[in-house]
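Next, two complexes with chain A in common: one pairs it with chain B, the other with chain C.
Right after this comes the complex of A and B.
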């Protein structure tokens, strides 16, 4: 039997642009655990490249600690912005929570 | 879309400026009866230009950021974002090169003029698909 590492969930919502840069940075913090990380952006209605850059750094930090990370994105617009930035494949992106959790558990969604 | 419709805005160039400018532009675009996806993408591109301006134009001396939007004809929307500060291409800064990449992916044409400030001129296709 293996221990189930606890899930780290970071939730952001609303319009995230350069004006929210410090608040987003404060929210994007890893806990002290070693479990997978879910960034819940399901209620984000707008995000600019400032936030995408912060998400990239957070992903790098998580992966450097060997932690699997996924983004839950509800807005088609946000998904398009990742494509426009050339980063559609830079994150594990899901539009429903169950698929994201399956991925984070190490199984194919 | 109504040719000749125009929106001109100016605000103090701080990090809180982009949101109200985007909101005003959103209302302007809604009045032009553009498709939702087109409106959203234009707001994203303009938002990136605004962010670029307020982040780097006036590092020492606060100035203004301006937006000029004009429906050139039934299918073409021209939007300029301008300041009189110092241009700083975020593409030259590691990890900060995403903004103009996004603008170029959305706009039909982009021109950046850095003479005496920065003017990012964007031309968007604004046609509503048939049907």
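Right after this comes the complex of A and C.
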């Protein structure tokens, strides 16, 4: 049951600041399964500290349920913002989808 | 109290008022029309009665004309005298028909009086007129009979007249009753409408009062919001205005520029604390969010960091401790850089938590971004922080800033480049005391700032200050003569060299330690 669980994909796009907090909170929802989680931020160009905080809490939630989670990012600027926030320490961060999926499909640590 | 009233309770009297008006207005209008019709009917009935009386008089005249003609003929024997009789016959027939029409109009159920009249006339013609026309000579006994019949006719006429009069009185009474009923209805309607108007007025007044209360509540809310904003601003001002220490060996400069678009109070702060043996502690941080909560949260984090620093000299341990405290208290997310500057070793020791990297600029070199890492404080209990050390030179300046300094264009890579350029252009000429403000000015060049920006610089005394070697007076004099550093750059370089040789560990970053 657990091994066959399908991937949960959460996608955000655009410039994310405190004005999009509600929308981001609505998007950052885990499904009922226990499969891996891919947070697709490939089309995000900016995120302020509010959204960073939301991402971190989402990660904590996923971890608490024992779900593997990965971030997919596109813009180097956004990658830098994530680096500021120390998210490279908390997330597996990828700049291409295939690598992220390979990571998520791997054995649980 | 006004809040507990539901809108329903005020709508109901209003609805009743509207219904009353809707019902009463037709009654008033219709009642007026009905009264008008009754009055005009009354007039019509009166004219009918008058016509009936006229017709009654006419039929009497016709009967008398007939009699006059017969008696003239009987007295003279000449047919010429019969003319009134002929006219009377015709008039009688007309008047009789008219009387029947009047009776119809008056709705007289009892026509016996008219029948009597006709019967008397018929008897008179049969028993008086016909015999006398046949034989006018033997008139007397017949004329006597005629007199009796005429008298009878008059009695009949009077009966009919009384009947008509009674009918008129009846009709008048009916009209009077109808009019008085309508008047009563109209009176009731007027009273109800007046009551409705009063009720409506009361509802209106109540609504107006509640509106007033709500407006006052809104105004109070606004006032409360303004107060909070003012308190937050005052708090932050108080925090930021806490003077940075001035020591001979290490000098601080700082600037804080709030966002210009929205007058929101951010959670940016910085601190500088003088410790023993030529060491200072420095902190810059940013509490997520705005307003009073953020200001209070910022102050708490700030106190925690400074008080922990007294016990714990290792920046990473210090951040980890404050992080656990924040997670336990479910405080806001905070990003920060904290560390120490040791003026005896020219070493910066620091740790970062979710914060953009510090910038280091040493005399004669390009500014560069230092290492950094670690999650923001307050999001994960088990977050790990690292202590970084960087060995520098006299005159080296560490620039700490909040994210507004690089994220203003939302292209942080460009923002970093602009920051490095600004630092490079400032460290050449500006007085150290104004370095932070000058860097801000270079980056933003008077443009509107969308986010709060705080900048803190920590600068080791330059070589010309070191020459004074501990003499506090000499250091102050030297600091006062700053601003001409470029003109004595040669001297600086030679003094650098000496300092470098003396320390023997120039420019080498110590390998970062990992603190669990």
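Here is the rule we use: the second predicted complex is superposed on the first by the 103 of 109 C-alpha atoms of A that agree within 3 Å, B and C clash if a C-alpha of one lies under 4 Å from a C-alpha of the other, contacts with A are read in each partner's own complex, and residues count from 1 in each chain.
Throughout what follows, contacts are C-beta pairs under 8 Å (C-beta built on N, C-alpha and C of every residue); 3 or more make two chains touch, one makes a residue touch a chain.
In this text, all values refer to a predicted model and were calculated from it rather than measured experimentally.
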{"item": "Fit or clash - chain C, chain B, common chain A", "value": "clash"}
{"item": "First, second, both or neither for A:85, with chain B first and chain C second", "value": "both"}
{"item": "Partner chain in contact with A:29 - chain B first, chain C second, else both or neither", "value": "neither"}
{"item": "First (chain B), second (chain C), both or neither touched by A:77", "value": "both"}
{"item": "Which superposed partner A:6 touches (first chain B, second chain C, both, neither)", "value": "neither"}
{"item": "Which superposed partner A:48 touches (first chain B, second chain C, both, neither)", "value": "both"}
{"item": "Chain B versus chain C as contact partner of A:15, first or second or both or neither", "value": "both"}
{"item": "Which of chain B and chain C A:96 touches, first, second, both or neither", "value": "neither"}
{"item": "Residues on chain A lying within both footprints (that of chain B and that of chain C)", "value": "15, 46, 48-50, 52-53, 56-57, 77, 80-81, 84-87"}
{"item": "Residue ranges of chain A in contact with chain B within the complex", "value": "15, 17-19, 21, 46, 48-50, 52-53, 56-57, 77, 80-81, 83-87"}
{"item": "Interfacial residue positions of chain C with respect to chain A in the complex", "value": "286, 288-289, 333, 335, 352-357, 372-376, 379-380, 383-384, 403, 407, 410-414, 416"}
{"item": "Touching residues on chain B, where the partner in the complex is chain A", "value": "15-16, 18-19, 22, 40-41, 43-44, 47-48, 51, 54-55, 90, 95-96, 98-99, 101-102, 105-106"}
{"item": "Chain A residues within the chain C interface of the complex", "value": "15, 45-46, 48-50, 52-53, 56-57, 60, 76-77, 80-81, 84-90"}
